[in-house]
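Input: a single structure, listed below in structure tokens.
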């Protein structure tokens, strides 16, 4: 079982949580915590093997603790896989990579659906066998309608997490708000550098020597959501925008895959406009 | 206060430790743990602010716990700085860097002495002001004597930790054994590649595309001690051995500095021939 | 056109080569050179746009130059794609990645065949559409026969380059010799560390803090061939062998892909047991 | 000798340059070139050993070539070291590191002076032995005067290159213009992210997962000059601004040192608001 929690810091939190688990026969196999001295907020992630009575027995105790400590918490059986919807547009490198990793067993999730504003035939080389595909075309005129259908689909498929895998449509403020905390985007720049469109062309024009990619939670403020993961690669004056696009595909794939895996493993906790990431 | 502990894994360790701290009014501000599934050994590092009664009150409880759990533990006030002896030979880049970082306040330690088999005049550009310097020349004939004097000096200066900062003498098996767990060496290769002498020349001859450096605890087995930290840098066919030496100086300096800081902050626990490093 | 050459160093080589090209109306768009001071050998790669008379006109001049300078050289139209055979065993991450990059247009090659000692059904999620697949099972008894059939296939398919994409069979000395300079292997360790079998398990047992992968030309000496490219990733004490395998897949894929692309673009020249790599 | 040149691209440049050198008995030991397809500009760096007549004999030929090809060029004997002035304020890590590398022989330069708006006594641990130190205090009222004195000092000391080694004063537009192309600054962020003041605090507030530093030529547009080199380091949610400052010192030191070395070795050519860097 994976327990995550956050609350205002005060003495005794670890003692109370670990004693509660111990009293129910659980064995803690991993635990990480963080005390944000700036905001006075405490964050913790605990992985434990339940005792003979099972894990559910700890819930009432956690509820009591939560009430007492003003604590946000989640308790999840890692075997209960999250349902994940992947949205993509024309470029499929992030989509194909997520599906490949999922088939390899790297990403503990079920894919509730793949959704694109382009038809399934646009992805001839991505192995979509056994995955529900929905084509939701969009134009400026139909954007509101399309988002309404997308919302319905998210609900109907029991989707827990939405991944914008180079989905080249900007979500409306309303939609971004609805999905707050459960929608991850990959931006193809090292934020906060090169926000907005065509970041590789911006990077080439500015003459930077390193490019990057950023996986972040989507918020109504474009490119301003809490950052989950970033990575970079060196470039040189020889690299044309098309080379940056090629090198960037590799960075985007690994940054997004790491961010998704960490979220699926409950390693990412929101801390205002930032994240706490208990990496492995 | 910083508490580190390791013991055979069993349910309740975290609960007992954190409850003990809570009962003495302590507030845990950081904690990391690791459960080595392979060996069944549990490792933990806890940073806490003591309660009004001070930190010493927890010692008896920890002693009882240690007896019960077969637990190795240390409890240290970070303000009680360790006494560190630095050994160097002709090249002074690691020595100078450690002293510079110490003066910057990056390394929470007192320098008990700098020792070299070369005279102080060999280090005209290293700021040794206010630091005790000992010249202990050595030759194959005098090695046993020199090590005896070194041993006395370690004892006489109350040295807790010995750093071989590119000290180009191999410690005798006896000496290495005596210093087990409290002597750090920087090896100028990415171990286990290029053990032994002149690793940059070996790397050049083999045509590798990346070079590295390794900070490890010294053991009687040369270049086989538990690794604390490693880092690397890219090279190309253009790099001659002298370029590798130059690039290597940068890698060695940062790898050694990280390893030393982590050891000084009680972040490094021995796990057989490996280490557990609770990084920041 | 891409011209590569190497010869004993002497004054005037660049002048003679560039003048020859100029006299045939060619425009040099990229050139890199390297003078190995150690061996006295000179290496050069020139990309040029041919003049109105085409590129073939420079061949006689190059032949004369080669005779005079004892020069090895190749002249290739990048539009004449090399024919590449990919060999794989059970794990398909390198195979799938190469095919994906080829479909993306990252790898300028034709795939002459995919060959495995396992049947095509072992690769259900790799898109082999339109690619010839050959199942060549092998056992200790049939190894010589299997290699004979592989040799025939290499000849029959006009294969220029063979890629061992985690092909878990060791080529015989004879076969390795036959393919010298045109067979690339990906080894899942940071050579020369952890040669031989199960390098990730070796790395875990040694407790290193960084793992890597190495792409190299195959030679009869196992894991000793000229290194083309290496890369690494940080690991921690938390990483079990299975985590190293997962992280390693990412390193192997990008290291092999870079090495293959560089070879396909005539960027890799052999220099004894080392390589000169004119990177982009 | 090191020859650098840039001019509009056209066929025959390499042939003419290399033939000229050959005719004077020179042997090319290294050459790199770059053809900027976007702007149609050609860049080249050639290292050659002069013939028996010396290197000066090629100057008239180069002048003729320059007139014909509209070519900017420099020809420099690497033994004629550039005179470099280093400016620093309170933090001395970049200053101390440059001086240390210079004493190690890593930076082929003479130090014309160290200048600070703080007195020499502010740098007790930097080895300024044998280096001219000038204290030029500054306040908003005296800024114009101070810059005038600085200008005089640059001229009087025959300074070729000015390094702002964490000099915390913004040069006036006039001063920045005067030093165009021969003044390098180290900015403690990964530009274009976090321009302006206190970038590490900005980075902490934004919650990025990687921080960096940028060495660039100074231009009247603050933080917008041509970038020479950048590098980065990973951080985590645990890192407070003071930790970023500490980690940043390491990045700043190595980025600035690389940029300075490359400029001293004539590896950096200006290309509009970007640079061409012929790295080693």
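When the chains are written out, they are named A, B, C and D in that same order, and each has its own residue count from 1.
Operating definition for what follows: contacts are C-beta pairs under 8 Å (C-beta built on N, C-alpha and C of every residue); 3 or more make two chains touch, one makes a residue touch a chain.
Everything numeric in this text was worked out from a predicted model, so none of it was measured.
K.L.:
Which neighbours do subunit C and subunit D have in common?
P.N.:
A, B
K.L.:
Suppose chain centres are the mean of their C-alpha atoms. Which chain sits farthest from subunit D?
P.N.:
A
K.L.:
Taking each chain's centre as the mean of its CA atoms, how far is subunit A from subunit B in angstrom?
P.N.:
Here the centre of subunit B sits 37 Å away from the centre of subunit A.
K.L.:
Just how far, in Å, is the C-alpha centre of subunit C from the one of subunit B?
P.N.:
Centre-to-centre distance between subunit B and subunit C: 41 Å.
K.L.:
Do you know which subunit D residues sit against two or more other chains?
P.N.:
30, 34, 37, 236, 238
K.L.:
In the complex of these two chains, what residues of subunit D are touching subunit A?
P.N.:
Those in contact with subunit A are residues 34, 36-38, 190-194, 206-210, 212, 226-232, 236-238, 240, 271, 273-277, 279.
K.L.:
Taking the complex as given, what residues does subunit C use to touch subunit A?
P.N.:
So the residues of subunit C touching subunit A come out as 93, 96, 100, 103-104, 106, 125, 127, 129, 236, 238-239, 243, 246, 249-250, 254, 280.
K.L.:
Can you list the subunit A residues touching subunit B in their complex?
P.N.:
9-16, 18-19, 21-22, 25-35, 37, 51
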